[in-house]
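Multiple structures are listed underneath, in structure tokens.
Next, two complexes with chain A in common: one pairs it with chain B, the other with chain C.
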Partner chain A sequence: MLAVMAIISGFGLGSMYGLLALGFSLTYTVSNTVNFAQGSSMMLGAVLCYTFAVTMKWHMASSIVLPLLLCAIWGVVVERFTVRPFVRRGSSAWLMATLALGIVLENAVLFTFGKEPRSLPSSLAARPLSIAGLGVYPLQLLIPFMGLLMALALHLVFRCTLRGKAWLAVVQNPDAAQLMGINVTGTIAVAYAVSSVFAGGAGMLIAPLFNVSSDMGTLFGIKAFAVAILGGITSAWGVMLAGCSYGIIEALITALFGSPYTNVVTFTLVIIALTCMPHGLFGRAGVKKV
Partner chain B sequence: MVRARAVRTVSFWCVAVSALLGSLAASVRAAEPIKVGMVAALSGQSAKSGEGITRGLTIAIDEINARGGLLGGRQLTLIRRDDESNPSKGQIAARELIFKEGVAVLFGGIDSPVSLAIVPLANKEKIPFMGVWAAATPITRNGAKPNFVFRVSAVDELVDKALVQYAVKKYAAKRPGMMLINNPWGESNEKGLTAAIAAAKIETAGIEKFEANDVDMVPQLSRLKAGQADVIFLVANAAPGAQMMKSLERMEWTVPVVSHWGISGGRFPELAGKGAQHVEFIQTYSFFGPQSAVGQRVLAALQDKYPDIKGPGDVTPPVGVANAYDAMQLMALAIASAGSSDGDKIRQGLYAIETYEGLIKTYHKPFSPENHDALNENDYVMVHYVGEQIEPLAK
Partner chain C sequence: MTCLRWAGIVGLLGLTLTFCFVSNSYQVFLVALVGLTTMVGVGLNVLFGLSGQISLGQVGFYAIGAYTSAILTTTVGTSFWLALPLAVLLAGLIGTVLALPALRVTGPYLAMVTIAFGFIIEHGAVEWRGLTGGASGLMNIALPSAFGYLFDDRDVAALIVGCGAIVLWLFWRLSVSPWGLALRAVRDAEVAAQSLGLNPLVLRTVAFTLSAAAAGLAGALFAPLTTFVSPSAFPFVQSILFLLVVIIGGAGVVFGPLIGSALIVLLPEYLSSLAEYRLLFFGALLLGVLWLAPGGMAGAIGNRLRRRSPHRVRPSDGIDVLAWLRQGTHGQVLKVEGLSLAFGGVRAVADVAFTARSGQITSLIGPNGAGKTTVLNVLSGFYTPDVGSVTLGGQHVLGRPSHAIARLGMARTYQTSQLFPTLSVLENLLIALQRGRLGTLLTVRGDVRHEGELVQLAAGLLAFVGYDGALERPAGGLAHVDKRVVEIARALATQPRVLLLDEPAAGLGPCDIERLGKLLRQVADADIAVVLVEHHMPLVMSLSDHVVVLDAGRVIAAGSPAQVRQDEAVRKAYLGERRHRELARPATGGTRQKCVLMVQQLSAGYGVAPVLEGVDLTVHTREMITVLGANGAGKSTLMRALSGLHRPVRGVVQLDRQDITTSTAHRIASAGLILVPEGRQVFPELTVLDNIRLGAYCRRGFDASQDLEPMLARFPALKPRLQARAGLLSGGEQQMLAIARGLVARPMLLLLDEPSLGLAPTLIDTLFGVLAELREAGITVLLVDQRVDLALAVADRGYVLQNGRIVHEGSVADIHNDAALERAYLGEFG
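And then the complex of A and B:
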């Protein structure tokens, strides 16, 4: 019973990490760069949703759509000012620049939104459903569903559409892609916009189960990045499944051995897994076509 | 002759100017404010605690200044710094207040890890450090000689005894479990609760820990449930405490939750939802019920100064306000008794306080070299949330 409860609980938690990690996967797949402001994008989505829905009392649909649009713009800003200038010069400083811009956003939100965590009410996190003796909020079922749906969408876009293949061509050989008429800079900017939309959406889904605060993205961002690496960052399915596995393992260790062992054992397992499979559980070594 | 007269004239003017400068310097010194430093959480999960402490200190300082200040008319000035509940930032803020601002005394905030980080600095620099919320036992019992750390607040060791006694008396607890925040404050309470449970001759169902940003605590709670816990002792601040209540609600486990007071330092009722009403926790003061003359005066001053306070229920968190008010008044008595803003003399001044009729109680010899805690288990009151308000439980 203890294990069953842990699996259900861990699945819900892990899918939150997976959902956020999909954004890391997307930008890496298209541009070989990672947006370390992903946690901040998640926070931005949640904070804007709270502001529109609770503070300004807008209709819920507008409070979801507008923040997603703003997150997309934020993603473009991140790419334009903290990734593109460094990649052009062959520098890896975008690592630090994206992280720094995320910190700037967190502090800007701290001063404008406020210093205290707030609660974002949702009818999907009000009354739990009973599954195997454990109450599960409908939102906890929606999160993995959304995650798997997005992973499927990414998979189909990359495999079955011309645009998806164009995106993959950008990372293989940007110059050749440009010669073939693909707008390389535009493609990368769109990837960043979509990745920020994923993060903002994840923030809105997670906030009713947690809270809304300027620093909420920090913890999730770190774990989501660990999950992205564990799953194999170029595999959307892998990232999502690694997220769920990570959450379940974390919960199982806590339930079976006790909370003092959770982080020690979980991260030891992550290191072992990556030692055995350096490209992640579901990733493949990159092939450079020449 | 002319030369001698010139020398006399110059001498006269030198003496006159010196006297004038001397008297000017004396009057400047008299007018120079006594700086009171405060390092507390003014942002983040426990921001409300910092606001409460600020209000308690401010009301006390206003009263003292209205009486003519201290040390011959010097006014008190409060200088606040935000520790963001982060020990490193707290220590940096304390350093800045001591070395740059030159504060005479320091007041602490809600977070025990932050206070524990400031303790060695206060003892080294000989600056009296008054705790008004953080309850970890080693804050005042830190082994330093001389010890510059004092407290008008609860002490974990005593709180833990009171919580166990309450659970045994009200719920006939035989197998309580612990849910503790994974930091030095949680550790301090783990020791205290373990000792108190052993003293009550009952056994624990388990000790579980969680991080401040944990979302789901079902695994930890499942272990306690499997261990047949009949009461849960909660030690956490508002946000993680709220996550625990949400997890409990999802498990549909209606176990009594008896909590330390950290949950009252933030927006616990909003974050925890309806689960907040089921937690019983400890405070050192309640503004509800019949109030002493001091209580009436402080409540009136609070209502006068802060428009959001309409009645006793709006003084949140009451413990921050009440502890800070009494602590500031006691510190003022010590400064007056010391006759100086020198740290060591103020420390001696705190020992010299005989009687002070305060908000929480009438203090008789609140501090001595052996005891740096002005409050004890007889000063605690059990409360719960009714809506957003903290109200005392029927005894």
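And then the complex of A and C:
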């Protein structure tokens, strides 16, 4: 029973890792760069939702849509100021720059939002449903549903639409893509915006179950990055699969051995996995050109 | 280092030590903290500053050092002076072990491994209560004692300052030793470093170990300083701060970590009211440094200091470079037999065989895409062929890693210069002179750059190749011709038996090419086997003892230059047979056709050197225009400038009276100017069908029947491959695909850049047919191709480009009879 509960909650949490990791995957697929501080985007979504819904008491609909919009704008800001200037120079300092901007955001939120973790009430996490004798919150079903839906959406866009193909083309051959009339810089900016929306959305979905605070995103973001790498970063399904697996393994270890060992074991597994498969479960090695 | 600088440093050290005993406890603690942070920073400086790898897990090694020292001195009761080295050793050992997974990955993946490591240590410390005291940590850590005297906190602080100074000194010794140079070389250009005999894996592992050991040392000293060690002292954000210390101070600079640490530790103290905001401030500071001063603060100061003290070296006349080079060769013969290699579906090299004798210049020539660079890459160990053998003096070469092949005596230069840009010219050569044998870690002999014999040798080699500039100039800032000759000097510095040269004359003017020829002759006279891949026919024909001609991956002719020049197959492959029937030219009538493209005084370049100068060009509706010229004349740059890929350009470019001089490439494509770029630039992971559909992306109306069917009718070879990934097609099929993709856009003006590149003769016929069809259909085309016969058979008018200028313009008949054109392509015929 304990194991089954663990699997259910782990599946939910894991699909959140996966959703965050989809953001990594999207930007990496299009530009070979990521927002290393994706966790802070997630935190931003949750904090904004709390601010609009609880502090300002706005309608729930606008408290969901507006933060997503603001997260999209944040994504464009991240790309414009912490990724593009360095990629243009051919430097890989975007890694440190995105991290730095994440630190700035987290601390800015800390000083405006305060140190106290707040709880975000949600009708979906108020009363548990009874499914097969287990108490499950509706939110715990919605979360994996959203995660899988997003993965499916990404997969379909890239496989079946011409615009998706155009996006894939951008990273395969940026010059040729431009010659096809594809706006390469615009595409990358949009990718970052969508990636931020995924993160913010994940934050809002998770917030009722965990608490909203300025540092809620850090560990989450790091685990999501591990998930993205393990899943092979360019494969939407691989990343989602890795996320769900990671969540389930985490939950099982916590249930069976106790929570203290969770992080140690999972991070060790990450290192071992990367040692054996430097390109992740579904990744492919690039061709070395001399 | 001058006496004044030494005096200053010693003085500062003395002052700091005195401070430890004189001022109040808290300030002493701060100074000690600066010292500890500096030590970790120095370790990170080796890893990030010299070797270019990011680690976000240094706090893990810091914690290992602290806990080891605390546990050994307090729980086990060992002397501090034994615990310290043991802690350093353990941290270093764990660093080596972590290097195993860490070095198989790069960039963000490496960051992930180090982050994971940091978290494992932090959480592990919390959980392993029996050893580490869990979350509450270890208290009352024993203080060190020496000769019966028990240290107090000030003594520990003074010890830390002393150790910090020693660590800084050690870093300085490392950075000027051959190891330091080698680390930077591997960071700058890993491929070139391997071809000089350096093993990147070993070097990076050493860097990792050293950085771990330095952090471990700092941690081991942290324990007695605070007498309290707990997991809360080692959070993840601390790793970011350590990296910040190095970046702000200046990566790779000796005093960088010191400046960075002072800033990070002391600044919040002196702005105590804002101490809460320190993380916010540091985040913003990091962003600021990355944007504005990537070299860090010490880096900017350091640059200024270095400029003030140039070290001029004059080569003594006693160095006989030729004799020294002859020492390395033993009359060895390079024999290549039956080499075959395929990439995916493309056969790059098929059954290639030739012999290069010492003292002779053997040239590999052939059209673009013939496989010449691939052969060189196989010889230097970067590709492994499917079949074949390569022996040097009887020793088998294949199957060894490239750095091992380099140590056997195979040296090479590259198509695009692979000098180490952040290192000086002298340092580039000094690395090569080590030939992969780096000696002990810390040089005892002194700054390798002042090492008399090696420096003299380097200077002699540079003079030998004709470089007369300053030795201390960073190699990245050299003029093009200097880069070429310095790269040759660097290759010679390994005392090679074989020298492989990949298009050394590219981008050189006639005077420089002549000098290059003389140089290569001298190199051959030193009994080195020279293998030359070149396009410049006059150079090849005048210089070579033996010529091997490749076409589509096979050897089609081999022999002396005279024999090869007369060979029918060679003429067909290079200049073409002129057997393509001339197309009937449409009567132009009296009226002037509409001008589709007008180019006036177009100038473009890369950096200082202009590649195109004052180019004037017009294309009218339904015309087929060709631009001819030798390699390096500027044809590709012209195409890139017209299509918007190369910006900025000077002059005026008008497409149908719309000014596109400053437009970006995707807008120009939407306006109707479509470029089919050089080199089959398909999207390799997408299917053939998707590639074609993307061709119509700019006009957003792809109709399968109207657009796809005509393409498949024109290029029937694509029909069965519609669902295959474009990267797996053969070279010829990819070229057809690229053209189809361009046509689907229904361009107002179609630019074709080297469409015949790498096509076998039969496919050239197909291409000719396609061009003829385009003529009939009245599509306006601007064609650039190295197959002169092809271009002249289909075009109405032509321009001849030489050294970036239009030297001839006229009808095709004029150009046909122009001897100047032949000269430009094949060199003087006897």
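Keep in mind that, in the parts below, the second predicted complex is superposed on the first by the 273 of 290 C-alpha atoms of A that agree within 3 Å, B and C clash if a C-alpha of one lies under 4 Å from a C-alpha of the other, contacts with A are read in each partner's own complex, and residues count from 1 in each chain.
Just so it is clear, a contact is a pair of C-beta atoms (placed from the backbone, for glycine too) under 8 Å apart; a residue touches a chain by one contact, two chains touch by 3 or more.
As the structure is a prediction and not an experimental result, all values here were calculated from the model.
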Between chain B and chain C, more extensive residue contact with chain A: C
Partner chain in contact with A:V104 - chain B first, chain C second, else both or neither: second
Which of chain B and chain C A:T268 touches, first, second, both or neither: second
Partner chain(s) touched by A:P278 [first = chain B, second = chain C, both, neither]: second
Touched partner set for A:F210, first chain B, second chain C, both or neither: first
Touching partner for A:L66 - first (chain B), second (chain C), both, neither: neither
Which of chain B and chain C A:P260 touches, first, second, both or neither: both
Partner chain(s) touched by A:A176 [first = chain B, second = chain C, both, neither]: second
Which of chain B and chain C A:G12 touches, first, second, both or neither: first
Partner chain(s) touched by A:S91 [first = chain B, second = chain C, both, neither]: second
Interface residues of chain A shared between complexes with chain B and chain C: 218, 260
Of all residues in chain A, those that touch chain C in their complex: 34, 36, 82, 85-86, 91-93, 95-97, 99-104, 106-108, 111, 162, 165-166, 168-169, 172-173, 175-184, 218, 222, 225-226, 229, 260-261, 263-264, 267-268, 270-272, 274-275, 278, 287-288, 290
Residue ranges of chain B touching chain A (in the complex, touch as defined): 42-45, 47-48, 182, 206, 208-210, 213, 215-216, 218-220, 222-223, 226, 238-239, 242-243, 246, 249-252, 266-267, 270-271, 273
Touch list for chain A against partner chain B, complex: 1-2, 5-6, 9-10, 12-13, 16, 110, 115-119, 128, 130, 134-137, 206, 209-211, 213, 215-216, 218-219, 251-252, 254-255, 258-260
Chain C residues within the chain A interface of the complex: 54, 100-101, 104-105, 107-109, 111-113, 115-117, 119-120, 123-124, 126-127, 191, 236-237, 240, 243, 247, 276-277, 279-280, 282-284, 286-287, 290-291, 294, 343, 373, 377, 382-383, 414, 643-645, 664-667, 669-670, 674-675, 677, 681-686, 690, 693-695, 697-699, 702, 741, 745
